[in-house]
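Below is one structure, written out as structure tokens, with a few remarks after it.
A, B, C and D label the chains in the order they appear, each numbered from 1.
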């Protein structure tokens, strides 16, 4: 069912997130702890921003398992970035193919998803029919995730705003559309929608399941002035500084359990340009 | 722009088509002779039937170039089959991804394409809208080829017949639909539509370009009682026997130029269950 | 630590061993039951003989996990063979690279290994020094397994005999050499040497650890007149026929536990041309 | 026979070398101009230094052709580095495997090779016998190139010096050893030895063939204050600055032919820490 992480803060070697922590994402690729099935070996992806050279991110994906990818192992310590997304996949909807690996990329945006829309095939066509040509043609693979991102792109682009508020509104609209589609086609099952979207400057995550009384998949966050890996291990450090760092992850990466908190169920988590964190409930439209 | 071959006849090791001939398909993957650009290094695919164990074909594809694929080299001499399709790709529409490699497979059918629909994106959505849910959801990749195959499948399935006539009718209907779509959307350019479809028992090919006065891409055929590779080289042998073998290929595989003939421009080539060959003009609808 | 299987008997689709059984090798690639670590996701290999077309086997290997390889899934039901070897790897010595995947192949021989020589690097050079030029130059990868196979090839070739006795003698000689090398260089640890060698006609396996009082890794066998997968599941069937089939595997593939027996610890298992099974103790040289 | 490039100078996006120039290395992967065979499609490699985070380089290699690698295309504009090595391979000695891709890496060193030792197998074992255990065990693949690098590492490490002089001396010693080995074993053919070694701070190249009267493979260089890609194209710019940049390549990357000079035949090219260039003849030992 996949594991993901997203970091924003002072520039950091990718290694410090992917390999060094005790429960690193690489570790989660073969022994995730908060899933029934511990294996996420159906490919992986890494996206990162190098704002000094390009506003668009780089993406490195592979269908090989993250734990034995030599290129990833080589590059991780040399790639330093202030905004990093990474994802290990357990394939559900869609083949094990590079085009189905997260993060998905569109212009300056990256998107990752942990979860799934059960019986997605039944609404896929109707969803596609609502898409603009541009975002329809942009789709390369088969996943529900990529299609939801295309729907997000429609909302985000139409709004003609950028920034964290624009992103969260577009994600909210995406969820609303999905719910409407599911209702029209009588899809009863809950869809697990833990997502992260970023433009490299701001970031929005969601911990959401569109089924009353169900618990969404896990999503954790930790903040501090700086995330560091040193002799005492990896983790957030707090210091009297204006620096701020945020790390969001399906599972805590580090032993310091007290540093990690759960994103509240059915909430968005917002990270602004200066890495301040905030939450907003997902509007389910059910109360209405 | 890809090179393809299709064989039907007495069971043959794949090796005899892919590696042994002087101008084998492997050779064509890096030095095709009847194309401006000799390189077809963006993946390949092999499909073959083992009718004694399964009516559905096996497919082996890879994004690596055919010329250096160790698995293909290993397997080619051990895979013997009475119906073999192979394709080397020069990517145009669609990423270099396994899901975009030919032959495409649906149940007991295989399909390959050499050519392309220029500006396919402009009609992709309209084409998709005409598809049945089943064949829409079956699509895994991005190519014009796979989408045309889905359209073929709609026609072929609706006809509720099988055999060479049913296949050629469905291919004809596919071309007609494509032309109508292109007309609606004002796509002026000729589409090169050299295709092969087979169900393992019969086979249909096309050498077609939907532009008056243009010459379709090359497509050749050779027939005999048996195709053999021996000390004198590879080629069709004629013998007083009831056996019959047919080989269709973008380029002649063997030196024996006199054994190869061009498929007439804008014609279908039909191969029936007992490997007799026939031709039928493609109806362009232009005269009407 | 890898899982392997080897079959000899009436021709069988590879599918019946790799996918259909309840505890198939594919299943063992992510949830092996007789290992502390259930994951064997560092590539795989399949070798099979098609004696009607070629005395040398085909080999198909990949560094991708067996459980998500589309080519393997496609080919398994169409490849029927009377002699099949398959291996899923958990990398220890040697990178995750195609050249380190089992089965290793030399002319008409295949070899697979489950186990390892701890601290192999300390004797690698001395082992290599003993090799003939031919088998030294034949080595392509880094594994202890491939180097031991090269040593086997030296013994087997020098003996200038073929057949099951020649193979078991060469394997015995290989183990003896390894023990001598380990003694010279003071390697104390037990080496786990569960191996299978076949020339497509006869087959030899070993269940061996060169440490007194230690238990070798698991290796099981089952025999019958025919191995079949039908509505009641997969398994060996006994019938009054001259046919004979043997299956050797790190772990039982099927539920029918009573059909499987352990290869006695520190024994070779021999399968002759007509698929009769026999055992011979590994001579450890320790009693001498 | 491979194409290579090596850059040292002000930090530069890899894109400016690999994709942007008219005759970029990607272009050379399918249409090299200074080789009989224009195709270098058997994998590629990129090595680069990020001295601000790590003295050891990152390496990204793949057996896929450089021209269609999505990860490379994605990463090239975001990876900026003051020391970049890249190589596209046409396989001769050694399989098409990641372990046979250049650049080879050892600690803070990278090495690439264009050329080959004809009949390398005849001296491989003798060469290996001279190696220290450490560098023998470091070898992962099969190429003559990697073995020569291991020999280089022995000389370089023994010298216990670093810097450009130490590197050129070690490369000279490597060539001398190779010549002696070839003489002992009666290998008559010329070995083409265009190589580049760097520690990220200094760099040594060679343009050499160990056969009297033969012309070594092409190797070009260009220097300036800064290499830039702008609207007028890519190339070295000269400006009154202390900055200095050097680019070495099998073939000129840019149209500005007058900016490129050949490395003199049978010479080393030396690039020191401040990117000053110098030449030194290869001592052939033949005059002695």
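FYI, a residue touches a chain if its C-beta (ideal position, glycine included) is under 8 Å from a C-beta of that chain, and two chains touch if they have at least 3 such contacts.
Keep in mind that this is a model prediction, so the values were computed, not measured.
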Contacts common to chain C and chain D (chain labels): A, B
Interface residue identity across copies chain B, chain D - same or different by half: same
Rounded Å distance, chain A centre to chain D centre (Cα mean): 39
Computed distance of Cα centres, chain D from chain B, in Å: 42
Touching two or more other chains - residue numbers and ranges from chain C: 70, 95, 98
List of chain C residues in touch with chain B within their complex: 13, 48-50, 52-54, 56-62, 70-71, 74-75, 77-80, 98, 105
Chain A contact footprint on chain C (complex, rising order): 30, 39, 41-42, 63-65, 67-68, 70, 91, 95-96
Chain B to chain A touching residues, read off their complex: 95, 97-99, 121, 124-125, 128-129, 133, 136-137, 140-142
